[in-house]
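In the two assemblies presented below, subunit A is common to both, partnered first by subunit B and then by subunit C.
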Partner chain A sequence: MERAGKRNKFLIKGGRVIDPSTGFDDRADVLIVGERIKKVGKSITPEGQETIIEAKDKIVMPGIVDTNVHISEPTRYDRETIGSVIRSAVSGGVSAFACKSNQDVIIDHQAIVAYLLRSAIEKGLAKLLPVCAMTTKLKGENIAEIGQMSEMGARACSDNTHSIMDSNLQRRILEYAYAYGLTPILYPEDRYLASGGVINEGYFSMLTGLPAIPSIAEEIMVNRDLILAEMTGVPIHIAPITTEGSVKLIREAKDAGIMVTCETCPHYFLLTDALCKDFNPLYKVKPPLRSERDKSAIMRAVIDGTIDVISSDHNPLTYSDKDTEFLVAEFGISGIETLFSLSYTYLVDRGSLSMVELLRRLSFTPSKILKHSGGRIATDAIADIAIVDIRDEYEINPVDFRSRGRNTPFGGYKVKGRVEILFIDGSIVYKDGKITPKTVSERLRE
Partner chain B sequence: MGRVFFIDMVLRSKDLIGTQYLTEDEIEEILTTAQTFTEIAKRTVKKVPALRGRTVVNIFFEPSTRTRTSFELAAKRLSADILNINVSSTEPAYGETLTDIAKTIEAMNVDFVVVRHPMSGVPHLLAQKITSSVINAGDGKHEHPTQALVDLFTIRQLKGYIEDIKVAIVGDISHSREAKSNIWALTKMGAKVNLIGPPTLIPPGIERLGVKIYYDMSDGLKDADVIIIAPVEMTEGHRYLLPSLREYARFYCLTRDRLNNANDDCIVLHSGILKRGIEIDPIIAEEVYDDIIHQIENGTAVRMSVLYLLSFMHKSKLNNGESRKKE
Partner chain C sequence: MRDTILRGGIVLDPESGFQDTADVLIRGNEIEEIGRDIRARGAEEIEVDGLYVLPGLIDMHVHLREPGQEDKETIETGRLSAVKGGFTSIVCKANTGQIIDRPEMVDFIHFRAEETPGPNVFPVGAVTKSLKGRWLAMIGEMARAGVVALSDDGSSVYDTEMMREALLYAKRFNLPVISHTEDTTLTEGGSINAGFISFRMGLEGIPAESERIHITRDCLLARDTGAKLHIAHCSTRKGIEEVKKAKRNGIDVTVETAPHYFALNEEAVGDFETNAKMKPPLRSEDDRQAVVKALKEGDIDIISSDHAPHTIPDKDTVFELASFGIVGLETTLSLIITYLIEPGTISPLKAFSYITYKPANRLGLDKKGRLREGFDADITVIDMNREVIFDTFVSKGQNSPFRGKRLNGRAEYVFVGGKIVLKRGELVYG
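After this line comes the complex of A and B, so read on.
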């Protein structure tokens, strides 16, 4: 106990504590000592050295774990850097996030995994969980050095939106990655069916004359990947799913005992392809926004648990990437800062989902998929805790984003669920809109 | 010209982006005004001073002869100054972003921008960025509104009415912006529209516009009063859609036999380069060539009407701006 004096001690009093791992949802106090939670219980008496944080009427929950984030360091610093994405993450209550490859950064070598991890640790805020590539240069030709990347700290493997059309290769990757404990994250898109498309096929693709991606481009691949998962016995994670047909396939697969999890993003249960009719490139995402029918099917699947995870698919882009012709504009939405508030507002605040279930989708299940220790508020769990005010309504303003990408179609949306305090590893990294980073030397001193 | 005072109430937008954004009244107004401009072409002095001092810029990112000359002639007959800019755009590698192009145009203080672009939605974006009137002269597979208005005008001229008329559109509907603009405009004006073509060339979702789809040409042409031929081309993307033009012609070429299913006084319209032997039997083409000539003649009158009506939108905007300054 002598050494405990040097360590952080916090007592969060009177908050509504939610632990998605056990389903606990009640008023309780949380005592944090050092990096971990020491105790959760009714009226813990302070011992005198704790900093007391009053959390009456607030929600005390595990930090969000986002399974789908992209950065552009070290090639396109103007889009997003590791520093900016981490600052952006903590503003949105995200304590850990999976960093995937994209067109700017391909994580297909252990040195890149090491670079990402080291850069993130230096920043000392949210935890970056690298997701390595499945094939070298995402080309879908040769298996990448998955084993070595796993050794270096990769948590899952994914070729991002470059789905592997070669079913033989995909099968072998599933089998191979299993040995190193990496969850394969599969993007469901038949690249021939989706070829050149920028908008969902249907009435609005006809209206705008833009090249279309039919929903079967996704469903055919979901089906193939499910068959591969069944055959190999390897658990897979499909990300993201956006159509009614995919939901049906996954529901049936789960009933049949196939080990599959899947995710979607807030824009797929909040927006539809009708919004693309004015050619606003902010609505250009991949997979494309789908029909009204798909939108409600995705919403229902999130509620009934067919969809296990909600991620942001954070794709930060510059102003000029989006200020152009719809056909030329880049795909993507900058979403890490709005992930929690949008999900909370449209699922929990509207009464369709309980807080515990929401945090299963946003924190507990993502942690399991990424082999991360988050998603729990219990004795001895890592103290990655968010304190959230759910009463105040505020307006999303992209200008306030800490991310370099302000490409969101949700500007002006009224939401609830502002993150007030975020603890990571037992210290406050974000409080009342300000980031309080620890320097490397401070961390080493502990 | 006493109608001036209510004319500027009729159009609601400063731009003409597509017939899908026009109301029945607006289409009616454009067609009626075009009627008054047809006789100008028959005079010795083919010029009126309606747009004197105004500037029209034609920006074409895609090659065009008919549409561009038609707009140029329309502007000249209204005494406007006209500038032609041709930007070759095999790729978006023409270097300049759309925003920069828009800013350049805005700085030149032009009144009308007539734009054609291979990508859908470009006139739409341009219209949001500049205060000049933007007229869509064809964008990607989206719309080509003035061509549709020309077709409607020709139908009314030759048939006398549009409501309840039976129109059959044959060809590559998916890739034809003229066809889409026509479908919007015709259905709004109460015409009955049949679409004819192979299933791969008919875009999904189009049935929601209230049209009927026929894969058999003879069925689709039954009792038609008007046949509009949408051009068919074999491009790179067509390898998924069509085996060959020869096979297309076998099933969708307008032949005597097929034409016999239509009404006796049926007219045939075509807005591009006639592909004889593929889209239309050469003999039929000669027979119906008069209709197509009418169509080209009317092109200038309809485009004059569009420029003229939009100019009032422009003027009233300017006046508002000035009166606000005075306050």
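After this line comes the complex of A and C, so read on.
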């Protein structure tokens, strides 16, 4: 295969290289030696041992870093396993992803962090960055062993969608997490207002008669969390935000110097609650799809940088989880494979955002939040590199997903931005639709 | 009843901005005439030379304790205390011994208040049954019985959905909801302002954010529902800023503060002085200055006493165990004069607007809060220069950090509905 001896050497020639860390966007060659990038420059002359990869008319960019991914191993292997999510990730150009707790896997103990890391390393391919829980069993009562989990390798902490209503507890968690250098990822939802809701409150909740979640449920919590961030001086990350009001609050907070970052997902700037009117459970997500007005506000905020990160909020589910009444269906979209192509097509291809800015939202800023070394194409950076063909359009087909969850409303969407090659740690792990994993023994030898 | 002429006083009507020497003729229970050299045959003349004649003062935040806690205060003693302090209308909160969460409780308050002459009492109904925050109280029935607002004051409606329902429901009856604004998870166990002093004294602190979080929450809910919101006892700079921002965004919100938040700061807690323990706690000097500035600039709408009488055993105990609250009906006027008007910070017209027409407007009190012909003859006459030192209060509660302090200004005459109830600073019985 592509690997030459102990130290891989690759020369990616003639591609359009994007480095979001410096804003570099120009034609250049990239030389990879071992796990790292040796050199980026115009016309690097090969020394003979390199495998040369012709990247003319293609984009050479850092691998995507997804800050919001959920798996279901070791309880619900039918929904998603570590193996399937990793294979799914590399197909979408994702070189590293944050693995959060959900109802199936609660990362509230160092043993679970160790399990996830070990399992991911065995599989090779994309890097799993564990995000530990803030409270035990996500109950919002007792603080989890954040310190121990941090030492075991957790990169951030989050109670996933179980927002913590107890302000004092949330404040103590912020202070505690800060001491260990973990970024607190806060889900903005007032649980009283959102309780039982499945759809955005508005015309379409009235039309369908479904219990609703008002946008104010999000804004109240965004506001509270911003106050706690200001109070404690701890930088926070709010994920995801979906309404016009939240955008306004975060913009004001940033102007006031509060250290806050936030993210959204492609479905919040592409879809609206109007799609729920036919009770199609594929459109059931949490937070719910919002109004047209919110959708365009989120789009604008992604473009102007108020929203720092785009994540997939990958929630893989089985067919039966979704093939049921809207009210009882599970929340979520399987999104890791479509994250880049949707973002590229609707933001860059339409001319709203530059490639550099897109990769700031998809790779550089997420890396900073997760204390990860990705997001750069520069000398000595880790060689997590994606080569993407942005010319030909293709159709998203959930059947082709490597994820076990095929629950996406984007099936049939025509997008651009197919990942052709993905390097992780200087090795090709994905090429032309095929995954080329290292074997366990190869990994262990390293 | 004989007509009464108040002769030669400086008449102040904060609503119209009128300030001039004039006579006021009271006929029956109405103000008949305001003007120079009024003549009326058989009228009783009261010389009020050099005194200020104001619309009857209104206190929209009083705890009368009856029914159920008559050892702390009764409606009768509370009303006498109000008269002594120059108030002609008081608004009593629902957290009495038995909660005012049903129409019959409202009727009870009204009956008790009509037994003797004295200030009008306007009850506030509870938002939730027994102030428990779980079920809405009988808001519609209470509205019919005559409550002027709804509030769970003393506790917060913690459940956001419940607060939203309450706002939506209150809107149908055009009643303002008064929010206590306390995030109880942040205040639990706390007894004074969180900061250097709480640290030094080893007392659990109450952070300013506890107030701010619920102010922003309730302002957002008010925007969402379109209901009328009133923020009670705002004590911090950030809290005031949040309300200001909400007003700019067109939210129907008003805010009040209490005299102790502009007269004192957290240092008044001194040597574990339980009479300086209240909720929200006395804040930092920076917050105090922010309150004064907001009153000067009109960012705060109302001053109310948050009169909270307690028995001596309630306060004569370990600091952490002592009850929250101080009496304020008798000191509010003097504190406004001493701390806001005398230093020249705020003009009398503006300062008195906070305890006259502004609360009347917010609560929709008909024909109150103004000195104008045809309005109710609720009048307070004040001597601004008279020195007072409070020794004991008419109220059953003696819990005040202002006892023994030298203050200026007191009420000399008070008329309620044309009847004189305070004469030369002394209560008139019968």
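List of remarks:
FYI, the second predicted complex is superposed on the first by the 438 of 446 C-alpha atoms of A that agree within 3 Å, B and C clash if a C-alpha of one lies under 4 Å from a C-alpha of the other, contacts with A are read in each partner's own complex, and residues count from 1 in each chain.
Everything that follows uses one rule, which is that a contact is a pair of C-beta atoms (placed from the backbone, for glycine too) under 8 Å apart; a residue touches a chain by one contact, two chains touch by 3 or more.
None of these values were measured; they are calculated from a predicted model.
In this superposed model built on subunit A, subunit B and subunit C occupy separate space and fit side by side. Contact with neither subunit B nor subunit C is seen for A:D432 once the two complexes are overlaid on the shared chain.
In the superposed pair of complexes, A:V328 makes contact with subunit B only, with no contact to subunit C.
When the two complexes are overlaid on their common chain A, residue A:F279 makes contact with subunit B while staying clear of subunit C. Using the contact criterion defined above for the overlaid structures, shared-chain residue A:T208 touches subunit B, although it does not reach subunit C. In the superposition on chain A, contact is made by A:S320 with subunit B only, not with subunit C.
Nowhere in the superposition do the C-alpha atoms of subunit B and subunit C come closer than 5 Å.
In the complex of the two chains, the subunit A residues touching subunit B come out as 196, 201-210, 278-279, 320, 323-328. Chain contact summary for the complex, subunit B toward subunit A: residues 20, 92, 97-99, 117, 119-122, 124-125, 139-143, 177, 180, 203-206, 208, 237.
Taken together, the subunit C residues at the contact with subunit A in this complex read 159-162, 164, 183, 185-186, 188, 207, 209-210, 212-213, 216-217, 220-221, 223-224.
Listed in rising order, the residues of subunit A touching subunit C in the complex are 165-169, 171, 190, 192-193, 195, 214, 216-217, 219-220, 223-224, 227-228, 231, 245.
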